[in-house]
Structure formats: structure tokens, C-alpha cells
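Sharing a structure with you now.
Should a chain be cited, it is by its letter among A, B, C, D and E, assigned in written order, with residues numbered from 1 in that chain.
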Amino acid sequence: MSLAYQAMPLWVLLSSLLAAAVIFALGEGRPRLRIGINLAAALIKLVLVGIMLLGVRAGHEFIVRLPLMPGIDLVLQADALSMLFISLSALLWLATTIYAIAYLEDSPNRARFFGFFSLCVAATMGIATAGNLFTFFIFYEMLTLATWPLVIHRGTQQAMRAGRGYLCYTLGGGAVLLLGIVLLHGLAGPQDFVAGGTLVERGESHPLVLTLIFALLITGMGVKAALAPLHGWLPTAMVAPAPVSALLHAVAVVKAGAFGIVRVVYDVYGIELTQALGMAEVLAIAASVTIIYGSLRAIWQTDLKRRLAYSTVSQVSYIALGVALANPLASIGGLVHLVHQGLMKITLFFCAGCYAETHGIHSIDELDGIGRRMPWTTAMFTLGALGMIGLPPLAGFISKWYLGLGAVAAGQLWVIGVLLASTVLNAIYFLPILHRAWFRPPKQADDSLAEAPVGLLGPTLFAGFAALAVGLFAGSGWSPLAWVELLVQREYSP
Amino acid sequence: MMLLDGVLALLLLLLAGRCVTAASLLQAIVAFIVLGLLLALSWVRLQAPDLALAEAAIGAGLLGVLLLGTWRHLPASGIHHEFPWPWHGMKQAVSALGGLALAVMLALALHETAPEPAAAGETALAQLDAAGVKQPVTAVLLNFRAYDTLLEMGVLLMALIGALIVRRPLQDGSRIAPATLLSPSLARLFLPPILLIGLYLVWAGAYSPGGAFQGGAVLAGAGVMLALTGLLRGASVDGLWLRGLLALGAIVFTTAGVLLVPVTGHFMAYPDGLVTPLMVLIEFSLAISIALSLLLLFTGTPGLARSRP
Amino acid sequence: MTEALPVLLVFVPFLAGLGQFVLGRAVPWSQQFVSGFNLLLVLLLLRAVAGGEPVIADLGGWGEPLAIHLQADGLATLMLLLTAVLAVAISLYAIPAFGGHARSAWQFWTLWPLLLGSLNALFLSRDLFNIYVTLELVTLAAIPLVLLAGPRKTVDAALRYLLFALLGSLIYLAGVALLYAQAGTLDLALLPAATPTGSLAGPLAAALIITGILIKGAILPFHIWLPAAHGGAPAAVSAILSALVVKAAIYLLLRLWTGALEPLVSIAAGQLLGLLGASAVLFGSWQAFRQSRLKLVVAYSTVAQLGYMLLFFPMAVTAAWQGAVYHGLAHGVAKAALFLAAGNLLYYLGQDRLEALRGIDRPLAVSLLAFGLAGVSIMGLPPSGGFTAKWLLLTASLQTGQWWWTAALVAGGLLAAGYIFRVLRLAFLQSAEPAERRDGPVPGRLMAWTATALALLAIGLGLISAPLLDLLGDIPGGGS
Amino acid sequence: MTLASITASVLIVVGTAFYIAGTVGLLRFPDIHSRLHALTKADNTGLGFLALGVALLSGSPRLAVLIALVWLLALIAASVACHLIARYALDGTDSDSEPRA
Amino acid sequence: MSGIDPFALAAAGLMAFGLYGFCVCRHPLRRLLAINLVGNGVFLALILIARRLPDGPDPVPHAMVLTGIVIAVSATAFGLALIRRQARPEDDGND
């Protein structure tokens, strides 16, 4: 029992890996069985994650170690940081699966879609539970591969172009990351993720090499995290079906990159070393530039999903910013944004998908008066958008508040400026949408109530209310904020 | 005798040059065949009469027939003259320089390697008494390093299979019509002595120059002669017996090598007392397989048949 | 008892092939027994070798300087294992693939066990001249197999293959002659001690031997015979050729470089080989990217992938040794899967122009999955055998400070992704016309699933490398 | 130097001379028939002299008989080959034996 | 022996001519001839090497030559079959 309990991260990983295998094996036939397996796997995973959550909260660290190559192990571990990511993924996977089942009803190649979808989540689980950089890299590349068929799912020329761009960026990033990892391996041997990092004593002897490696690692991860010059793939990947976009933006790909940056800074280099090497400032500046740049670009987009995509570019960098400020409060802000942004962004994409699927709306100027026809959906969109802007007491506000506090504490007052500018820009590109949706008359005469089908609306409502709840009940003991506070406390205590 | 050696070597080089640079393909082929004969002569000079026999029979004789036969089958448009002289282009010049450099290095290397006596060769000569035959080359081929010979039979067999895969269908059984009555009767006259010589060569391999390869090649030559004079023709069907004979050498060799393990304790070793009879058995089965394979490589057919009278 | 294993590994397939030849008609199931038995023998050998001591058979019992020995050490056993596993899969695949054509089926089932025995013989040989014979044996078994795709289409490729192979083996033989002149023995184990250094003949012999092997192994300047031959052969044969036959030449290079030729080779020669390998990686991948026929893509990919193995020579440390050999294994399995999958596509389409692949994912999902999975290993992405090998090679390049090879490794992986995804992209592309316009026969389960099984194995090699690398051990002689 | 060896040497020299004459004829004569004429005449005689000389040198009757047998076979083969070549030349199938451009 | 053995020169020359021919010639039959020249050069070299033993020629290189000749001839015969087929591709049997 204890062994099986200790191996929980493995079971969580396998729950979606096996689901993927079974779905592939089933093929296109038997859709009901496939749906059943899919949902069952998602539920099982949720239960497993719940058990682990209890364990980690009680101070237990799950760890599984499998020898892979001489001297190199595959390490899966569940510490507080990985639980943050795992819980988010497990929860949103269930929601997205339900959403996708409804979204893709009667479209071709569903077995392929759901197979890779499960694989994608398995990879995300792997990234979350990776106990060293090597393991992290394995799942990081697996994620790239599993996402590609989802991006090109529609099979159009446009989708293929997006897929090609996606691959060029992510595989290139992967190669850079691999170089960094190999270099680090050569320098310091196998390194497990340990709070506070393990490289401090080497920092004095090889500062230059370590800086180079840091740059390589962050560049490699920055591609997926869509840091400013490396974000090009993200907006074009919008051609993918809405659930995929939701997955890309809220849970899997972008977050994997951001999560990786967190791991490198906290658990490989350690905050002290990162600061000592002077890389914290560089990272903070890169993140700030991305925040402003993404928001600016978002303003000029007319396609709803493209605007949301640039919004993601901007918002994900909050996480990197929080980490780079290297101070407990800012870290809380950054890490909690991992969850908050995920919930809010998935709500927004679900809504975009509802619009597209129910009324064929893709462009923002078609949204006029949609609030009357789809009140629930639009309400959820509003929740998400306002949260993104950072209206108190919504989730986005919490993140920004802590980031701001951290910036003050760190003495980096210019960051406050960045946050303020970002908020203003967010408002500029979100509020007109809300205005159109609620206050403009619909272009067509028909303004009868035509809400999205239950399969789409249900997950949207769930995600929207979750996004609302994490903001409203941020003070409760089970909120992400409380969890992150616990986590940051552990990170900064030694 | 140095003079003879020098002349021979010079002729070899001239013919090789001719073979490579001749404008007409036929001349190149003829140069090659003559080169083979002179090579055989040189090998006699170099104390290698077995190899001279083999080269004359297989390298120059059978290969010559095959080359000329192929040349005959090339369509007129397919044979273009080539002028591969070193001054005809960049590639030629570079290749010539490279060849020259290689030749110099090889000659120097061959010249300088004289010091150490060869351990393997000395061992072979020292253990000749235990090998069951008096002829050292045969001892190496069929006993000391019999495994090589076995695998070589595989090469021969697979070359034959490959050649049969690409063969063109036979238009008509007797594609070489006898020109006169003279040649078939000549062939009939020559057949018994040639067969005798072939079998003798196989048998003699145990104590004097000769052996399965030389004998097999002579036997194949007899077959080629019969085919050329129209007494024997290729057939498009092969029989079980023919395939059995083709594989006979390899099968007998392998079986002997494996089945005798309990007696000898080693693979491909022969028990004392049975060495000589076993080796003769193996030699003859090898010779039959070699002769048939070479003959079929010549006819390019999977089977053989006697011509209709 | 264990001494019998290497001998049986050669003789059993050999006799099976001969028996098949004499019988005169195809008996596919007998070959399944042979490949199964072969695998069993290799597994027994694996157990025997795992202790660290090689298994040696003295053929004829004449002892060391003269007789031919068969020797199975870690390296040879790994190659035998690769061969045996692929033999099982390819033999199964060939049952449906060669059905129907009585004569060519007979020829295939004759030549294939002979080739299997020849490969085993090559991997086991401990004798320079015997290696020459086995090299010829492998070549002359392989070329007729190429012709089985139909002489009209493949005769040019087969002829070119034959010419290069013959030249290569004769150059090799010239090197062997010079080496024997100095050392007086052909036994690989005795050669390093017996070879005098400091003369011209020694390095010249080594250079000739290496050049000959490079020609046989289709390394960059000598690669020109490979694509047409591997691209034109029947799929099962292409798999054998790319996964095993050319690999055998590189295997020899690894074996001789670290053994018999060790006193004769120099650092400069190692760098030169590495340079050839790196150029092969880049050039081959680029060519693969530019091809318009599926099997040529895969064939050029072989040109590229063989180059990785040559990166061992400049670095010559244990990590490079393990990486190169492991790359051999991983590429063998993945490339076989790739060719079998490509064969399935070809079987359905009746042609292999890339343009024809549009929207083929629906009828041939399993084969395409196999193609993609095998592609992961070819690209060197984790988790896969290809990645493990790449990791080891990268580690070696940084360990030895020869960081310039990392560029080739990384760029090669990216280019590989380029040509693999180019194929997948077309397959996933939805064509305007309905997909049912083709009515080719859908490859049977046996064909689809053998390819997939191999592809999964290629992935799995990334997870089970530890015992295999243990078996291989450190670089012989402790490295330079 | 015994009488036998002197005789043998003379015979060998004479035989060689015939060979040289035959070769010169092969090279110098204009058409195929006269070339054949020169070649066969001279070579068969030359071979005879050579065989005789070598047989004398060997001094063993068994070898002498064998050499005589070789000479006889060579004679038959040469005459038949010559006949065939001449016949092909007469039939006008000559074009076959020259390289076709 | 004072000078260089003429046969050593011949062996080296045969190999070199063969390689030259292989590089320069285009017709496959010529290339096949060139390869056989290389082979003949190698065989000649082996026979030269075999002469070094004090008591009789070394049988091991002799055996190598004999094996080599048979292999070379088999492969050449196969090559010739391929050349014939290549020259007359129009009639396709055995398919």
C-alpha cells in the first residue's frame, strides 16, 4: 500500500497515458465507450489528485524514481509547487473534455483528437511532477509532439501553417533547452529539483557558464511560455478548435513554459544564485516587455481568439515577472497567477468557442448584442474579462496586488508602472468587447434567446464560477492563494 | 629470370592501362582477358601454381566467356566509346593523380613489408600432418579455415539466385545454334578428357596443385563448351535434383561441421582417421556445386536440358 | 554449451535458407520458426555474455593464430539482439507482403534466412578475412533482395549498389592483405599486439580498411548508391537494408577502430571521420527534406542517421561509445518501423509520391501512427532510443570539449523533424476531394501492427537503456 | 650441356621463332583470312617444336606422352577454332565481331 | 633484394588503374572491369606477401586469393547479368 501510495505521481500520469492508449486502440468506432473512458479517466485522475493534495498538505512528499540511463533517473515527485499545477490541470482537463465532447460532436477524427488530448494532459502531468530537468525535458518534448496534431486538427492549409510555425518554435526551443540541460549535466551532474537550488557553491566557480546555461534554459522554456520575441507561434495557433486553444493557453503549453521557468529559478538555480548572476533583472525586464507588448498587440486584433491569444502572451509573463522579482510577496503573486490566469483564460476561450459554435461568430464586430442572445455565456465572458483587467475582488486583482506589493518590497517601483500600464491596456482591449456584447443592438433582426448547448455551457459556467470563486474566497484555507502562501513560505524559509 | 619478371610486370601494367583507357569496350574486355592469362603466368612464377590454375580457369577463362557473352548482348546503342584519358577533364586528372599517389604508397608499403614471418602461415605449415592432406592450400581451405570456404559457397549460391532473378525470359531453348557440324563433334571428342581432367584436379587437390575450385571450374568449362556447341541448353524449369546439387557443397560441408561435434568437440573439425575421406567427400560435393553454379551463371537459366537431337 | 550458441546462430538460418532453396517453393511459416529460434539463441547468448566474459567458439579447433574464431562480446550481442528482434518482426510482416507471387516469394524466403545467417556471421566474426567473406555474403544476399521489387525498376539501383559494394570490399581486402603482411595473423584479438607501428604500411592498411568499410556503409561521399537501392526495394527488404545491412559496416568500423586497428589510428583520422559523419547528418537530412517520394525520404534519412554513429570516432570516450552503439540500435528499430509503415502506405496507394499522401490518415491511421512514433526516435526526441543516444553523444561532446559536434547533433535533430513532419503534415492535410477516391487494398493487421510494434519498441528503447548499456560496457581499451 | 639439352634448346628457339613469325603475320596481314593463315600455320608448328623441346628436357617418357597429348589437343582445337572463325568471316557476320558504335 | 620487386609495382599499378577506371569510366561494364583490376592487384599483392615464409609459400594468403577469386567471379557474373538486363529493359520476366 505504502509503495503504491508513494507512487501516486506515476498513477496520475498513467491515468491519462493509458486513457490515450485505449482511445487510440479503439479507433473511430464506439464513440460512447470512448467518451466513457475519457470521462472516467478524468474523474479518476481528479480523485487521485485529491488524495495527493491531502498528502502534500500534510507535509508528505511523493517521489518515484526509475533508472533510465546509467546515472540518470526518471524522477516523478509531487511537492507543493507541482500540486498547484497538477490540481489546475486535472480540474480543467475534466472541464475541457466535457466541452470538447460537445464541441466536436459529429466532426471527423475524434479518436485521434481525444487520444492526443489525453496524451497532452499526460505530458502536462509529467511536466508538473518532473523531479529533475531531464524528466522535465522528456515531458516537455512529449507535450510538443502531442499538441501538434491538435493544432492542425482541422487539416486546412491555414492549420498546417500554424502547425508548422508551432513546431519550428517549440522544437527549436526544445533543442536550446536540451543544450542547456546537457551543459548543466556536464557541469554539475544529475540535479534533482530541490527548494533553494543546488548550484550555489558552483556559482562562484563558474559564473559565466552558469549564466549561459541559465540563458539557454530560459530561452528554451520562454518559447512555450511565449516570452516576447519567441511568442510568434501562439497567435497563429488560434486556428485550432476552441478546446485546444483553451488547453494551450490555460493549462498545457504556455503554462508548461512558465512552470519550467519557475522550476529553474527556484529549484535549480535558487533565488539567491539567480540574483547573484544578475539574471533576475534580465528576466524581469523580459517579462515586463512581454506584458506591455502583448497587451498592445491585442488591441489591434479584430479576431476574438487572436485578441485573447495576445492577451495570453501578456498575462503569462506575470508569472515570470513574479518569480523574477525574487521576493516572497511577488512570488505569491506570480504563482497564484498560474492558477488564476488559467481559470480566467479558459473561461474566455470557452466563451469564444460557444460564440463560434452557436452563431459562427469569430470576429469582434460580430459580437454586437450577443449579450441578449447568449446571456449566460456573455456573463461568463464578462467575469473573465473583468478578472483579467484586475477588477477587485476578482482573481486577477489578487495576483496583481501581490505582484505590486512584491515590487514595492523589492524596491523595483518601475514594476508598478508596468502593472498599471498593463491594467489600462487590458481595459482598452476588453471593455469594448463587453460594450458591444451588452449595449450595442444586434446586427441581425433575430435577437431571440439562443444559448449555447449544455455540453458547452456547462463547462463554461463551471470555469467561470471557479474563476470567480478563487478571487472571492481567496482568504479561505483551501484557496490557491493559501496554497501558494504555504509554498512560498517553504521556498523562502531555508 | 629477373628480366622475365620485369617484362611480365610491365605487360601487366600495360594491359591494365589498356583495359581502363581503351576507347572500345571490346578492346577493354580483350585486354582484361589477356591480363588474366598473364597474371596466371606470373603466379606460376611466384610459386603459386594452384592459384595460377584457378585464375586461368575461372578468372580468365570463364569470366572471359561471360564478359564476351555480355558484350554480345549489349545493344549497339548501348556501347559508346569512352576516352578516359587523364587529360580529358578535371575528374580524370584528379583521379589519375589520386591513383598515382595510391600506387606509389602501395608499392612502397608492399616493398617494406618483408620483415616478420607470418605466425598463421607457419602454424598452418607446421600442423599440415594433422590436416589430412599434403597440399597446404587445400588444408587451409578445407580444414584450418574451412568456415571461410563454407561461407564462400553461400556467396556463389546467392550470386546465382540474384542472376536468375534478373534473367530475361528465354525466347527459345537453343539460342546458340551450332555453326557447323564440326564444333559439336569436337565438343564430343573433348568432353571425356576435360571431365577427366576436372575430376583429377579435384582429386589431386589433396597433395598437389588443384582442388575443388580448379576442378569445378574445369567441369563448368566442359559444360560451357557443350552449351556453346548446342549440345546442352538452358531450361526455364529447375528440378529438385538440380537445386539439390547446387546446394550440395554447402549442405554437406555444414552437416559435417555440425554433426561431428560430439566426436571432435569443435565445430567444423574432423575426427582423426576420418579426415582424408571426409575431405575428399567434401571436395567432390563442393566441386559439383561450383561447376553447376558457374555453368548456370553462364547460361543464365535456372535449369539445364539436353538439346533435342 | 554456450560455445555452440554463436555457431548455431550462423548455421541454423543458413541451413534453413539452403533447405528452402532446395525445396523450391515458399514456406513462410518455417522462417517464423527460424527467426523465433534465432531470437531464443540470442537471448541465451545474452545471458551468457551478461557476466562480462565473451563467448568464443574456435572453429575447427586449430587454435589462435590460424583458425577462425566466433566471438560474442557485449557489442556483438547487442547487434545480434537487434537483428533477431527485427528478424522476427520483418518475417511476420513479409508473410502478407510477399504473398501471391510464388517465384519471388520463394526467392525471398530463401535469401532472407541466408541474409540473417550472414549478418549473424558478420557480427560474430573475429577474423579480418572472414569478415571480408561475410561482408560479401551480406551484400550478395541483399542485392538480389532489392531486385525482388521487380527487376525493371530496380536494376539500375542494384547494379550501382553491387559496383560500390564490390569496390568497397576489395579495398578492404587490400588493407587486410597489407595488415597480414605485417602482423602475420588475421585474428582480431591478436592483431593489436602483433602490428608493428611506425611503418607506412600500417596506417595505409588501416586507411584502406576504413575506406572500404565507409563505401559499404554508404558514408557521405560514398552514399550515392544507397537511396535508390533502399528506396526501390520492397518495404520489408528496405527495412532490413537500412536497419541492419549498412549498420553492419559501421559496426565493423566501431569494432576495428577500438580493437584491431587501435595502434594504427590517429586523432586526425578520428576528426576526419567525425567530419564525414557530421556532413552526412546535415546533407542527408537536407536531401531527405527535399525528396518527393516517401521511400526516398526514408532512405536519405538513413544516410543522415548513419552519420551520427561516426561521431564516436573523434570523441572516443565511453559516453560516445555507448551513444554511437545505442544510436545503432535505436535507428535500426525506428528505421525498420519507418520503412514498414512507408511500405503500408505504398501498398495502399500503389505509389509513393508525397503528394498522394494527402488525407491518408483515416484509412491508414495505425501505419501513420507507427510512422510518427518511429519518427520521434529518428528526430531524437524523448522518450525514445534515439534521444538516449543523442543525449549520450551530446554528453560526450561536452565531456571532450569538442562542442562543435553538438551543432551537428542539434541541427540534425531539427532537420529530421523537418522531413518527418513534412510527411505527417501531408497525411493530415484534408484534401478537397473525398478521401475515398483511392480504393487500394488496406494493409492487413499483421502489416500494420508489426510496424507499430517496432515503432513502440523504438520509443521503449528510451526507457530500457540501462541494462543494454550495461551489457555493452565501457569503451574497449579504456579509450584514448 | 648434354646433347639432349642442346637439341632441346635449339628446338625451343626454333619454336619461338615460329611464334614470333606468326605474331608478326597476325599484326601485319591485311585481312582476316591471311591473318588466320599466318597464325595457325606458324603457331601449330611453333607449338610442336616447343613441345618437342620441353619433352626432351623433361627426360621422362610419361611426361613426354602427356605433352604430346597436349599438343594434339591444341592442334585439334586450333584447327576447329580457325575453321569457325573463317566460316563466320565468310558468312559476312563479321560486323558482329567489331565494336559497333 | 636491392631494387623494388617488379610484381609489387604491378600489384600497386593494377589497383591504381582499377580505381582510376572506376572513377573515370561511365559504362557499368567498364566499371566492373576496373573493379576486377583492383581485385587482381590485391590478389597479386597477397601472393607476393605469401612468399616470405622460409619453407614454402604461406598457404594462408593463397587460400585467401582462391576464396577471393571465386567471390569476385560470382559477384562479377551477377553484375554481368544485371548489365544485360539493364541493356535490354524492354522485356520484363519474372515479375
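The definition used in the following text is that contacts are C-beta pairs under 8 Å (C-beta built on N, C-alpha and C of every residue); 3 or more make two chains touch, one makes a residue touch a chain.
On a predicted model such as this, the values are computed, not experimentally measured, just so you know.
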item: Any chain in contact with chain B as well as chain C; value: E
item: Least step count from chain A to chain E, where 1 means the two chains touch; value: 2
Contact-linked chain groups that survive once chain C is dropped from view: A | B, D, E
item: Chain at the geometric heart of the assembly (C-alpha centres); value: C
item: Centroid-based (C-alpha) most distant chain relative to chain B; value: A
item: Dominant interface by contact count, named by its two chains; value: B-E
item: Taking each chain's C-alpha mean as its centre, the one farthest from chain E; value: A
item: Mean-CA-position distance for chain E and chain D (Å); value: 30
item: Centre-to-centre distance between chain C and chain A (centres being mean Cα positions), rounded to whole Å; value: 42
item: For chain B paired with chain E, centre-to-centre distance based on mean C-alpha positions, whole Å; value: 12
item: Overlap residues in chain E, where contacts from two or more other chains coincide; value: 15, 45, 49, 52, 60-61, 67, 71-72, 74-76, 78, 82-83, 85, 93-94
item: Where chain D touches two or more other chains, by residue; value: none
item: Residues of chain B engaged with two or more neighbouring chains; value: 25, 79-80, 105-106, 110, 113, 117-118, 120-122, 124, 145, 148, 152, 155, 159, 162, 165-166
item: Which pairs of chains touch, using the document's own definition; value: A-C, B-C, B-D, B-E, C-E
item: Complex contacts: residues of chain C adjacent to chain B; value: 4, 7, 11, 14-15, 18, 21-22, 24, 57-63, 65-68, 104, 107, 110-111, 114, 117-118, 121, 129-130, 133-134, 136-137, 140-141, 143-144, 147-148, 151, 155, 158, 174, 178, 180-187, 190, 194, 196, 199-201, 204-205
item: Interfacial residue positions of chain C with respect to chain E in the complex; value: 66, 103-104, 129, 132-133, 136, 139-140, 143-144, 150-152, 155-156, 158-159, 162-163, 166-167, 170-171, 173-174, 176-178, 180-181, 186
item: Partner chain B, residues of chain D touching it in the complex; value: 73, 76-77, 80, 83-84, 87-88, 96, 98-101
item: Partner chain B, residues of chain E touching it in the complex; value: 4-21, 23-27, 29-30, 33-34, 36-37, 40, 43-45, 47-63, 65-67, 69-78, 80-85, 87-88, 91, 93-94
item: Interfacial residue positions of chain B with respect to chain D in the complex; value: 24-27, 72, 76, 79-81, 179-180, 182-183, 186, 189-190, 193
